[in-house]
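Take this structure first; my questions come after.
Note that the chains are named A, B, C, D, E and F in the order they appear, and that numbering of residues resets to 1 at the start of each chain.
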Amino acid sequence: MKTYINEIKENDHVDSLFLVREKTLGSTKSGNAYLKLILVDRSGEMEGRIWTSADLLSGVFEKDDFVQVKGKAASFQDHLQLNITHIDRVEEEGILLSDFFPMTEKDIDAMFLTLMETGQQIKDPYLNQLLRLFWEDKPFVEKFKMAPASTRLHHAYIGGLLEHTLSVTQLIMKNVAHYSGLNLDLLITASILHDLGKVDELSYHRSFDYSDEGRLLGHIILGMERLENKIRELSDFPKDLALQLKHLLISHHGQYQWGSPRKPMTLEAIMLHFLDNLDAKMNGIHQFLKTQVSEGSRFSRYHPFFEQSFYLPPQKSETEPFNIIEEKEIEKE
Amino acid sequence: MKTYINEIKENDHVDSLFLVREKTLGSTKSGNAYLKLILVDRSGEMEGRIWTSADLLSGVFEKDDFVQVKGKAASFQDHLQLNITHIDRVEEEGILLSDFFPMTEKDIDAMFLTLMETGQQIKDPYLNQLLRLFWEDKPFVEKFKMAPASTRLHHAYIGGLLEHTLSVTQLIMKNVAHYSGLNLDLLITASILHDLGKVDELSYHRSFDYSDEGRLLGHIILGMERLENKIRELSDFPKDLALQLKHLLISHHGQYQWGSPRKPMTLEAIMLHFLDNLDAKMNGIHQFLKTQVSEGSRFSRYHPFFEQSFYLPPQKSETEPFNIIEEKEIEKE
Amino acid sequence: MKTYINEIKENDHVDSLFLVREKTLGSTKSGNAYLKLILVDRSGEMEGRIWTSADLLSGVFEKDDFVQVKGKAASFQDHLQLNITHIDRVEEEGILLSDFFPMTEKDIDAMFLTLMETGQQIKDPYLNQLLRLFWEDKPFVEKFKMAPASTRLHHAYIGGLLEHTLSVTQLIMKNVAHYSGLNLDLLITASILHDLGKVDELSYHRSFDYSDEGRLLGHIILGMERLENKIRELSDFPKDLALQLKHLLISHHGQYQWGSPRKPMTLEAIMLHFLDNLDAKMNGIHQFLKTQVSEGSRFSRYHPFFEQSFYLPPQKSETEPFNIIEEKEIEKE
Amino acid sequence: MKTYINEIKENDHVDSLFLVREKTLGSTKSGNAYLKLILVDRSGEMEGRIWTSADLLSGVFEKDDFVQVKGKAASFQDHLQLNITHIDRVEEEGILLSDFFPMTEKDIDAMFLTLMETGQQIKDPYLNQLLRLFWEDKPFVEKFKMAPASTRLHHAYIGGLLEHTLSVTQLIMKNVAHYSGLNLDLLITASILHDLGKVDELSYHRSFDYSDEGRLLGHIILGMERLENKIRELSDFPKDLALQLKHLLISHHGQYQWGSPRKPMTLEAIMLHFLDNLDAKMNGIHQFLKTQVSEGSRFSRYHPFFEQSFYLPPQKSETEPFNIIEEKEIEKE
Amino acid sequence: MKTYINEIKENDHVDSLFLVREKTLGSTKSGNAYLKLILVDRSGEMEGRIWTSADLLSGVFEKDDFVQVKGKAASFQDHLQLNITHIDRVEEEGILLSDFFPMTEKDIDAMFLTLMETGQQIKDPYLNQLLRLFWEDKPFVEKFKMAPASTRLHHAYIGGLLEHTLSVTQLIMKNVAHYSGLNLDLLITASILHDLGKVDELSYHRSFDYSDEGRLLGHIILGMERLENKIRELSDFPKDLALQLKHLLISHHGQYQWGSPRKPMTLEAIMLHFLDNLDAKMNGIHQFLKTQVSEGSRFSRYHPFFEQSFYLPPQKSETEPFNIIEEKEIEKE
Amino acid sequence: MKTYINEIKENDHVDSLFLVREKTLGSTKSGNAYLKLILVDRSGEMEGRIWTSADLLSGVFEKDDFVQVKGKAASFQDHLQLNITHIDRVEEEGILLSDFFPMTEKDIDAMFLTLMETGQQIKDPYLNQLLRLFWEDKPFVEKFKMAPASTRLHHAYIGGLLEHTLSVTQLIMKNVAHYSGLNLDLLITASILHDLGKVDELSYHRSFDYSDEGRLLGHIILGMERLENKIRELSDFPKDLALQLKHLLISHHGQYQWGSPRKPMTLEAIMLHFLDNLDAKMNGIHQFLKTQVSEGSRFSRYHPFFEQSFYLPPQKSETEPFNIIEEKEIEKE
């Protein structure tokens, strides 16, 4: 069973799985070799030391490996250190990712099924087929179900990209009928695909970071490439439909300074931008408030990205849902 | 029956109601007095001339009066002019406002009823009572039902403020359940009241413009004053609830540069800001596209406020509404 | 007599008043309970430890209490620590605030009297009466005399709000005659009231910070509420005068990005904005230069808010005041 | 006697001085040469035509000459035109500049004397001498007394630079004693010299415009050159004093984006920047309000530079000056 | 032979080719149909009227057709009008584009050859082959040789894209050796391809404008698509090389606000951005100065995009080229 | 021989030259005086202690002196400390600057010679003479050869100003012929002089910092003063030439916000600005990449000034220089 780092106390005997973030070979004053490790799991990080057979054990595992470790926690200069007696490399397959990374609290497979079924309702044959091509692309689907939606700002956990994508898609469905004349098929397709480039932009197998191509191109360009590739497989995909879909994808950040090479120019693009932004903000601030409000205060610490604090009201009333009065009666005869 | 200015052709005999935008007394080369008028209705404006008894008739009406006019349209230097033979002042009560100003296409009373009924579902007794106080304030309600939501940018027509308010309120109701833990009573109250200061900020009886207090204080401050006044009538209104409600009102523009003295600091304030902004943009651009796309083109003219053009896609598919897959099954057990 | 924290040396026996910023119950390796305190006064902060009867003494006082402490200073890991033998809670009334917070160097009562007498010279009966209402509001006056003008940037000390208010008012009096046609009564009233919302925005009884309503609404809105309340008590206060006064209050920050929901639109509002800003900058930079210029240098450290350094010239000549040549002779005959 | 262009009516016989802004030789359908002129004075501009002896008269004067003109005003296509029968070039010496350009309403010589006498009170021998050098520079003084302070924004009239300079200097004198420790000699010298480069930056003999060196270098650089030249004449001028004075000059615009290569870094530089800016704004908006508020309204037209409208309050109370309560009594004993 | 519109004078008999910008059918007061045309060529535009057989001739040509026109120029209300007697539609093939649009002053085929030969020097086999694929794409090459580089700002003439591309490529070659360690093959390829999306972004067969896909996607995205398509044809194109090349393409605008979804992150990308920008500015301002400096002045009119005027110095010295001293001797031994 | 600080290990006996950055007299618990020093050289800094005869030795040297030190390195609380037994002040003349500061890798005298010879090719007699005046100014030349070009951003090493100046001058020569009509003499002179004010702006004898006049005036103003002084020595220097040269100097930062009081208004000024900026960026990022890319990564750390990371591509192909195809053949006949 996993022992979490933030639960370890002085003198504890530990026997558990960790990820090796750093590994350095040192030598003591008396000239003996020792290994200094940084071990991490989802609860935090701690130092580990291997004092005996360091040279030998150094060959057993590398930085970024998962390891099974036995040892005893000791206090050294105000912080805990694990004096390791046994260490073994463990293959990634056996690992429970949620022991090492934050994970969505929802069921990944259920979310994915919901998203697929939503897409199957699309009437436009080209858009319907386009989505099917994506779902049939197994390597893509695997990444799409695991990727976080960002490294820090919102949905920054395993499954976050899928959770955010589904959430935006459901927001679109709830709001689209409020305005007449919108192309719902197009909007649903675009909301499902809007962040697809993030499967290539982010890396998340050892920590949440950007991939090289993520930094150099960004998820808008990477998403365009994947979209282009699928559209090309559908030989008679209407040019104008492709144009609109691509426009929704590249403009969904809404502003040049947020990395969109175009501002939204259609009502559909505006709606996608707003609801995507709303969902990212609501999730990001909700996650932030969970950890950043200290006891006895109702205000969060300063959020460097948003350049402000946030407020957690004292208590919320539990109200039942409202009846939405039908709008049809409002139209003039 | 009203004859609209944009329908008048050379040699037409006209007998209809107009609003006098300008009135100047001139004299011909031969020394005779004449009156030069600018007449307007919702379809446009035209010049009118009174060549006989100008001095006498000048006393009959003033600039900004509604007048019943008889005359004949003549062409003069490339544009039409109305040579007026009879003119009479008409009291405002008899006027159909929609002849002179753009109006909402929806039924004002039906919209108002819907909004009131929505408010009555609020469980919180203070917020419920607060809204009732507003609805019992007859002069306020009258203005609230007639005011436009802006002079040009969105819902710039009689009834626009009410239409926008109802629309934002319905958007709130559709989206609030998507996120857990939000204070729905507070959000609905805030969405109903968020723009209430516009009844004082805008003047719309002769043209859509800003009032003096609108320019000097703006609708956020003016709305705060009205809100304060009503809250004071409810002697035991909870201080914290008032604080949150006021915060939603003053932060709903979202950014300092858009005139909000505070940025949204709660999840409720963020949602209100986003959905208010979405509704204003969707309506504003929709209205703009109706008039600013020239034939044969799919692009609008440059919009000076948004600093871009907009695109009107060639055709929209008519799709039936989607089934929203229930989210509950997604929660992990 | 007060012993200041920055004067305490190793082995000193201390018997003095402090404020408890933090209080934590811990246990030694041998399992005994002890109390770890952070004690503060205006000169700094230090750690305190209670090794005996910790459980018992823990009930005697709380975080944010003032306490009388006896103990001996010992060096521990490079910094001083107070080993406390006696501790007692002290009521706030007996406290000299200037022992714990920075204070204005001027006489608070003399400043307040000067400000009141200045206001009494106002000829306009409504404005004169309005100010009198504020001075008769005892709870307001008490806060107004104690509040700082900001948490850090300028006049960040007890009495700072009053000092800044008087200073701006005197600047207005010195400059207003320089330009003809300005409404002096209005300007003096506005300068006295421009920052009144700060009595609610800031909290300063334990440290200088923002109150909840200060963060959520800000002093411009809070000041508007207090102003509105007083104006309402004066039944026939002229609407236009109220409008102008409110405009001066809400526009005195001068720019949207500095939190003003309106930019100054009258000559009076422009003058108030400039002289308020001048006074804040002059005081803020003067205070900053007192502490931020290191010996041997004429340049301050980088000021993060102003994003620059400041320069302290080597010496100033002591010149007698100049005679201001009368301007009247300059007017053309 | 001067006949002003805005007073000329149809059929008037005109015999007056004008400035020739444009001069074009044309030919009628029948092939006869005629001259088409644009004549201006401070009240406006009008077209003039010379129908006879056009070739001959064309040699008598050039564009940008002052001319004495005789002719009769006739109406042509909705506007007036002067049919000229006699025209003669007039030397500039005989011209009253105020007939052709807006002028300060104050007495230029009295203002200059006041400024000089103010400077003579400076105790610092180097600064005192420096100013004397400027006043002994006759060509400089002549320009300094005539130049406007800008082409449009503020003090945009003959004598405006002097009026603005004196005004800022008097503001400095009124405000400097309010803060202790400021170098008054330095501040007065800097306020007198802060805009001196404008004598080279602006041209104003035919219209208010920028000179070539004004456009390419600007008045801050041009002023630095003149200041450098005078300082060099004073062989032992203290280096540190020169450094501070130059800093005040180059930083007086306050911000990089307003063309200052440095932001104000001393309390003196901050005060000069604020009071200079205040004086420019107060004058500029006062001048703007005189011409830009249409009858019946209290709001000016939109000011493109300030990106806002301004408000002219209905009436101002005439109040007597206030007694400024002495500050000394406020200092704590 | 072509008669240019700006050469036509009253009473001229005209027989020449024009482009029909607008075509409207009207009817005279007497009820006869007539056609009102706007005719354009590269020298300007003029009105044309067809008074006889208007109905019949209206079927012969459409708006945006090229037509051979016979008629006589007459003066009507201050401007010239062409009364047309014969009109015939002309096929586009026979048209000399330079009669209707501004054209590069250089030889298009020679420029293209130079560019191709430059590319052939590339040693990297993948990049070399990639360029060859583009040159073998006949429809692309045809557009690439004709397209302007922008609608107005720089190289806004037929052949402008090619001229700008060659110019940037030559700048790269001249500057790349100045810095060590740069990947020249990559830089040359990127400079040749950096604006390739403009062949799809701009339309220039009737006037210089944006295509629909140009507005909705922009040339950076359109260029990425063309680049992706060609890279895909080269099966073993190295992934890292493709990544770098794409990064150079999408970052060449240098800033988010200029439409780049990424800022330049390599030394190569920085150099390409700077030299591309330099070339665009030098050409754009040079073209602007040719038309925007009025006689007798050395300053251009205000340039709305750059928000400034430009200066044309009085005369340039003709100097012979300098010898560039070899840098090698500078390296330390 | 110099022992570098970053090479010293525990128990080493050290006998070497260092610079004293800080010097503090302390006393041990037993009451004995000791000296605590911070010693630096170009490789880093370390603490030194003098335990015996501290009072006496304290008079031997001061902060900012160079000293010859003997002692032994000991480990104290995790870092090394030098226990000093002998210390002597050393005169600056004997010091090898490159032991203490980063230095250009090029030969300073060779660079200077190249720059001078380049200037001698200038045909314009005034510009040629102007440069000669600068080279004859020995104190200037000495500073010009040693000064860094900035404290941190680019060419931040001894000789950096000269290296950057030569580099920009060579870039100008390589690019100027690419555009016709540019004034090469003017451009070369301006590129040689564009940063000359940095000899006064920066101080670099003890560390790289700004001088007082550097902070208060900046190198653009300081450069203008030096330029003015030299131009004044050349009695008949053409006014227009001086104007253009000064414009190039003051506008070379390109934007107000980068401290230029004017934006570039001529083609020459635009070219100088771009190539100066290019050279600063290329050098600055190249230097940054040398130290800021950690092993195993291709991305640099975040660069706070540029607000981004940079990318170091995996390997560069070594390509031979390209043949630049002659442009002449491209001109149309």
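As a convention for this text, a contact is a pair of C-beta atoms (placed from the backbone, for glycine too) under 8 Å apart; a residue touches a chain by one contact, two chains touch by 3 or more.
Predicted model only: the values in this text are computed from it and were never measured.
Taking the definition of touch as given, a chain qualifies here only if it contacts chain C and chain D alike; those chains are B, F.
The minimum number of touch steps separating chain B from chain E is 1.
Ranked by distance of CA centroids from chain A, the top chain is D. When the contact pairs of C-D are matched by residue number against A-F, B-E or A-B, more than half turn up again in A-B. Taking the CA centroid of chain C as reference, the farthest chain centroid is that of E. Centre to centre, using the average C-alpha position, chain D and chain E are separated by 45 Å.
Chain C and chain E have Cα centroids separated by 62 Å. Within chain A, contacts with two or more other chains are made by residues 212, 215-216, 244, 247, 265, 309, 311.
Pairs of chains in mutual contact: A-B, A-C, A-E, A-F, B-C, B-D, B-E, C-D, C-F, D-E, D-F, E-F.
Listing the residues of chain A that touch chain B in their complex gives 105-107, 110-111, 114, 117-118, 121-124, 166-167, 170-171, 173-175, 177-179, 181-186, 188, 240, 244, 247, 263, 265-268, 270-271, 274-275, 277-278, 281-282, 285-286, 289, 308-314, 316-317, 319-325, 327, 329-332.
Taken together, the chain B residues at the contact with chain C in this complex read 212-213, 215-218, 220-221, 224-225, 228, 243-244, 246-247, 250, 256-262, 265. Per the touch definition, chain E reaches chain B in the complex via residues 212, 215-216.
Residue ranges on chain B touching chain E, taken from their complex, read 298-299, 309, 311.
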